[in-house]
């Protein structure tokens, strides 16, 4: 009946920890931080793509993009719900985001300058997210693992849609082709940086691996992503902006240039091109909606009081 | 309006412009659930717009598909009602606008579902269910806002006062059309009046009746909406996306 | 030394009444109303054309349009200054506009839907304004007459620019030509209505004529405008949308269809396409600027206090 | 930047985008006199833009005139600094932006007036006088707002905090250019610091230094500005206006 022993056993057996199970405080804190950051990323990540809904170049693409941005809001909701099973409320987590005390993925601090960026986000950013998240479907914490299964399914749909946008552009007019290459040029290294610092500099990784929250190191996942992209870029006919990218027969993997981790650190610190814009946008939407949320609460209170009166009178 | 082409085009333009305005809310809604709901409604309107514009293009027989109609006409060629092109304003304006629009679209699509034109009937049958959801959603919000706080009541009443004049245009008689909009007026009133009453909102007196949208004489807002919506498509003539 | 006799004498001799001269209260009230309405029209009239500054189709046209809208602000300022010589303040008059107790020209309640509307406003609306205003340069009230001389000079410059826009469009591509004709179709009758109701229904005219504020009747001015426009429309190669327009040899003037005066009355009453929009725009600009005006006042008070302290210390 | 073409284009784009933003104030200024002043400044910037873009077109030698450069490039081809493309915000944001811009343009145009290229020298000689007026006007307003009421002080400080990071880009070294922007930094500081001090505003610490405009990597705002600015010109390819 030692809960710590039971916890160790479950982890060891590759079974799931569930909300009512005992868990170490650090395990809980790590999960809350990670799931919340993931949820925040979905919500903030709506902005760069949302930027193109009004300008999508065909009605079909507009519908696909609207549905995608909507899915991201849905992912945010499941993930906040998963975090809530660990004893924090969504409102608290949203406050932590708005205060800047919790982060979201740095990739969303880059601007979407052209329509091709919508394709590049789908292909590269969702692609990197999937590489990161597929192992999380086997994460030791049950609610998170289950949320990830659902998220990954939709993400891979999004990734195909993004790839398809780029494929159409890459096989379109010279201007469209140039737009696609330009997007790849700008999004390639930031996407590589999504896997985090190199393993030597990664602070939380070892413990997360032991707890089976994480299953592969940053560098392993980054390599998997590069290997996947190289083949896809060939089909697209686009050039990955890395002159040192080449197949390494010994490693049976591609050698590639690492992203600029100093830049990653600057962006995490708040000095990316759009950090302030993204946060201000989120804060403004939240503040502008306050009177609406208050009205909904006031109305619900009145309705409950009315129902109560009716029950009493009956 | 004259024939089935004009009628279908006007309905398609209503839905397209409504979708465009609703899409502007993405990432800006007052709560996350509402971000999802507004996107849903925008997607429904966009879906109806695509069906209607595609069919309008076929009726016209000049080879224009949904994208040619959506992206390559200017505001003088759009036939939507003025209501849908008005700026979003605050959430109360958006919800009152959606209430008025869907209280018109529900009986319209219902009538269409029974009309002789099979294509229009199929579109109507699909869209009326969606519009019924839009009506429920907006009616609930109008009640919440009208009977919520003093602030929300003030904003909701201001929204009703601002938008009320624009509903008249929706019911301009057109006896030759597949569905005569004038015949939908009673259904509209039967839905909207109780919602406003329950929301403790005052239905404004009927005075000013702005119109012109069906003839392509719009407000100054529409050309800005189209400039943004069409910019990319127009910048690459003939490209596929 | 009878001031009323002196007033009558000045009017009779076609000389000018000046601010310090005695004048009948009704004369003063009539002038204040008319000059204020004129000033308000300049300020509200900036909106329909201002609507196209951001979209002007060449940099030269953008500069010309910006300068024109700026001139209208300038006209507003001289006219408010002329009204102030009659003992009202600009702030009072602006309040009367914002409250809806004073009017502005109804023509500005129509929307500018295309670039050609900018041309049509210059040609027709400024043209009608000039026909109205040239006689006002001989108005019996000195400051108003002098303001009108300056305004008319700039207006005729604007009218030529508007005409030139339409001329270019009318001689351009088929789409440009259609745009020009469409603008003429929409602006023709509202421009005719600018001269006010027909003489039989005009309430203030007789007294204003006696006071030499007004020199010609509404219908006389309207006829002069039509005769002028017909020739100009021919040069443009555009068709005035009036099937009954024809030369009347007997009258030595064109017969034409009267504008819809019921529509004019509705627009004056507030039911034109843009009345609410124009007023809301003006009210919002005024309200949004309140903190700036307060800051300027507070700063000026501090500066004066500082200067005072320096003088005292010196 | 590489040669005189890029340099001239960048300066022209700065002026054009600044004019476009200032033009958005027309009919919206806090007082009528300011409507006139802002239009004046917009006209000056537009005038400088026309001279610079015309000359850039000549330097390029590809037959592009001022309108081809203004209306037929997309945001990735614009070379303006990020500062000028940021939304107008409130009047404090607009005035602080104008202060930073004109405190850069005055020494820039002054240096240009003495440069070897006669055309650029003539443009510089004309524009520096206009920029000196813009600087006076914005400096006076920044003092009024900073040292006005609590509300105006709060807004002015927020504007300075928001915009300060964007001034760094203006002084990026470019030794090969007709005027090296890095050499203008001292003049800028000598003007701006006392204005902020007199306005009782705090100069923010230098941290984040956003850039990229000179390389065509802009904020998300620019493409919207251009969509609106270019819509009519692009809708009628080859037309004369």
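Each chain carries a letter (A, B, C and D) given by its place in the written order, and its residues are counted from 1.
Rule of thumb we're sticking to: a residue touches a chain if its C-beta (ideal position, glycine included) is under 8 Å from a C-beta of that chain, and two chains touch if they have at least 3 such contacts.
The model shown is predicted, which means the values in this text are computed figures rather than measured ones.
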Chains touching both subunit A and subunit D, listed by label: B
Chain at maximum distance from subunit C, centres defined as averaged CA atoms: A
Selected interface, C-D versus B-C, where C-beta contact pairs are more numerous: C-D
Geometric centre distance via CA averages, subunit D-subunit C, whole Å: 34
Separation of mean Cα positions, subunit C and subunit A [Å, integer]: 58
Centroid distance [mean C-alpha coordinates] between subunit D and subunit B, Å: 41
Subunit B, residues touching no fewer than two other chains: 74, 223, 227-228, 231
Shared interface positions of subunit C, touching two or more other chains: 55
Pairwise touch network: line, ring, star, complete, or other: other
Pairwise chain contacts, counting only pairs that touch as defined: A-B, A-D, B-C, B-D, C-D
In the complex, subunit D residues that touch subunit B: 74, 223-224, 227-228, 231, 234-235
Residue numbers on subunit A that touch subunit D, as the complex places them: 51, 55, 111-114, 182, 186, 270-271, 273-274, 276-277
Residue ranges of subunit B touching subunit A (in the complex, touch as defined): 16, 19-20, 23-24, 26-36, 39-40, 42-43, 46-47, 49-50, 53, 66-67, 70-71, 90-91, 143-145, 147-149, 151-152, 155, 228-229, 231-233, 236, 238-241
Subunit C residues touching subunit D - in the complex, by the definition given at the top: 43, 46-47, 50, 53-63, 66-67, 69-70, 73-74, 76-77, 115, 165, 168, 172-173, 175-176, 281, 285, 288-299, 302
Contact footprint of subunit C on subunit B as seen in their complex: 74-76, 162, 207-210, 212, 217-220, 223, 227
